[in-house]
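As structure tokens, the structure follows; a few thoughts come after it.
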Amino acid sequence: MKGIRKLAVLLAASAAIFSTIQSPAQSAESSGKAAQAQSAEAAQSEKIRLTRNSAAYWTVTFNNPPLNIVGPTEVRQLVKILDRIEADPNVKVVVFDSSVPGYFVAHYDLLKPLEDSTGMPSGPTGMHPVPDFMTRLSRMKAVTIVSIRGRASGIGSELALAADMRFASREKAVLSQFEVGAGFVPGGGPMAYLPRLVGRGRAIEILIGADDFNGELAERYAYVNRALPDVELDAFVDGLANRIASFDQYAIVETKKLIDRASLPPQAEMQPGWDAFITSVQRPAAQSRVKALVEQGLQQPGDVERNLGHYTAKYRE
Amino acid sequence: MKGIRKLAVLLAASAAIFSTIQSPAQSAESSGKAAQAQSAEAAQSEKIRLTRNSAAYWTVTFNNPPLNIVGPTEVRQLVKILDRIEADPNVKVVVFDSSVPGYFVAHYDLLKPLEDSTGMPSGPTGMHPVPDFMTRLSRMKAVTIVSIRGRASGIGSELALAADMRFASREKAVLSQFEVGAGFVPGGGPMAYLPRLVGRGRAIEILIGADDFNGELAERYAYVNRALPDVELDAFVDGLANRIASFDQYAIVETKKLIDRASLPPQAEMQPGWDAFITSVQRPAAQSRVKALVEQGLQQPGDVERNLGHYTAKYRE
Amino acid sequence: MKGIRKLAVLLAASAAIFSTIQSPAQSAESSGKAAQAQSAEAAQSEKIRLTRNSAAYWTVTFNNPPLNIVGPTEVRQLVKILDRIEADPNVKVVVFDSSVPGYFVAHYDLLKPLEDSTGMPSGPTGMHPVPDFMTRLSRMKAVTIVSIRGRASGIGSELALAADMRFASREKAVLSQFEVGAGFVPGGGPMAYLPRLVGRGRAIEILIGADDFNGELAERYAYVNRALPDVELDAFVDGLANRIASFDQYAIVETKKLIDRASLPPQAEMQPGWDAFITSVQRPAAQSRVKALVEQGLQQPGDVERNLGHYTAKYRE
């Protein structure tokens, strides 16, 4: 695979620059010890932290500074958390949020060798772990709420779309599917979710215009349920989660089943999106655009990540 | 059916409190005399009043104070009205509104024995009269407009969703599907209608968050077409109805057929919703929540009905 | 066909009034010479002008004063332009706009003999050229953006709906599907597109209420992506088009394919809409309404065209 080698080369070339991203937590996290056994201190250093606020209400916090990048390692960790949510009989509601200022989840890791992604074994749905995760997330018995403060691009936006509800900070949220602007197809299912959520016209604008959407515009487009003043966001989401946690689980689950029947994107649309991502990102045209973005500062804290929509449009062949 | 007995018991226990709801009009209404034959005075005392503003424009007014509760008796009356709308060759547009201050339709009658509901013979679609009514309402040749002033919860919201268009008072409308908060699944089809109308994310918030939505937020979520200043609502709805009544019936009907083809929820999703309601409401968990709400004042005029979303979240096991 | 003769009669009766619409450009345009070969001066006189801003970014401008009426002649011209867009390997984005003050596209030509429309040979999809055009427009590899300043009614609104994105002038756009108000069924597919874009309730209001929608309300209803201040509209649309033109074509096309899979109305819904238009417009009830509108000034510059929603509701049998 020539394309894969090129990405690997790109990674090698940039390794020095991005070595700061490799936090000490990363090597520890693959040790496989169950989160239940970890001390509170260890939990604080988890890149993706699971907190049980109560038996019925859990929180998953992206805690992987500086950008909350999600790559193969983090996908494995997310899948483990999903396994535990699915296996637990009592959890009714799960909130996803971030502890990293400025970022919910910046985007998928574009500096890891592509084989790290393509080589992952399929999940229970028979699909690659990324579309598998998104599909299972949408079909969970527990209700899922995403609280977006900072940037949610690429897989960050995709996770938000696959969840049940999305609330955004009016001042501090930035949502985008930047991928087309970087030369490749989004892989985590937004072509299935967005048109059904915001309508075909706005979905095409988000996915092919590929620009940044602030909280207010994201609400106007129904990209999120609501954008709330930043000072109110946490209390609102926590209030809604506690509310649902106080409700009867059977009523929640049976109601959700019928909502799913009316509104879930067909599972058959998910794997093709991932395949289109893998195929498209290997092409020289995409490699060249990603490389240009990386050279300007992609996947490092700074202006490129903060204003990604601006930088994707600056590429000239 | 142990569950059914329990509801009956609940009714018996609360009968004294709720006897005020049984207005004199109730016994009269089952006499079956056609509305055409009734005097104006009798029509004024109908719990659901049919007014022919003209051959083409009719109004159906909920007139069952203090809460416009809809139960088996009122469903039978609604079905009779539907029969007459369907049978009339000239009616082009029907407006549903309320004469009761504060309430469009509070919700389904939770104090009648469940057998009164489960024992009703199927309607023409082969479904129970509630999903049958909703399905036929959506498929009528006549265009239907719901004007919402006051609370439209449960079956009130469901009737509004099954109709063609919904307009709400900006200051005085409150919409909700409170059912999950009371421990059971909504029965009149909102899991089929809402996700297609407002998108999956907002539908889950409405149905599983189960909270109250004022007119302004209902418009932002596309739960209603528009929320209008209260002083403008009646003139707007009347203007729209007169406008449609002035149009050519063939053009209306043929256009609606093609809209239906693109947007009507499949009939097959309706009966499962009703079944889920009946199954879920009989469980002790639901009985216990309903009982707690009734003890606080459910189905009586007062703060519980006015702020139902607040009270459903107060239950503690 | 008695109805067809009636329309022809209507045309004959009104020929004197409407002869001013027959601009010199009309006879020239059927000569079939390719646009590439035309001088800039000839291009300026084209009723529908194709401009290549760059290899990747083209503009199609309605330039048929005073109302940008689209009839059989203009449909043939639009199809030729579509052929060229489809055949070109490099075009990535096409903007549709208008050079005529006050009008994007007023509506379909109601004064030409109906045979001119019904007699057109089918397009590549096997459908009549109008539904064929709309269907092909939605399925093009190139991304399409409609910039609406002035009135977009009937086929103008339908073209906007079949395109990928729609942006409107907040002050100067007026969208409508006025057809039901004139006694016939819309023919260019809005019953397929609108409910999927704005939801069933608002689609019924637009299509059966048949009234005018200004830019602000069109945005609130998701009828357009956004309404922008008039002074910003051109720069915004041009910026978005340039942005997309700078992106990688493969990524655009493959992403659009998956959006199409999730959101394109089935082709099978398009021809029935056209058939319903043809059948309904021939009836005496429709002829009578169209005639009344024409006598008041339909298809002439003036108040009827500017306030079409008002005039359709004034008809009395």
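Residue numbering begins at 1 within each chain, and the chains themselves are lettered A, B and C in the order written.
Throughout what follows, a contact is a pair of C-beta atoms (placed from the backbone, for glycine too) under 8 Å apart; a residue touches a chain by one contact, two chains touch by 3 or more.
Predicted model, so just to flag it, every value in this text is computed and none were measured.
Rotation angle, chain A onto chain B, C-alpha superposition: 120 degrees, expressed as a multiple of 5. At the interface between chain B and chain C, under half of the residue numbers appear on both sides, which makes the contact a different-residue one. Averaged C-alpha coordinates put the centre of chain B at 39 Å from the centre of chain C. Chain A has residues 196, 198, 222 in contact with two or more other chains.
Across the complex, chain C meets chain A through its residues 143, 164-166, 196-198, 219, 222, 224-226, 240, 242-244, 246-248, 250-252, 254-256, 258-259, 261-264.
On chain B, the positions that touch chain A within their shared complex are 179-181, 183-186, 191-192, 194-196, 198-205, 207-211, 220, 222, 265, 269, 272-273, 276, 279-280, 283, 285-286, 289, 312-313, 315-316.
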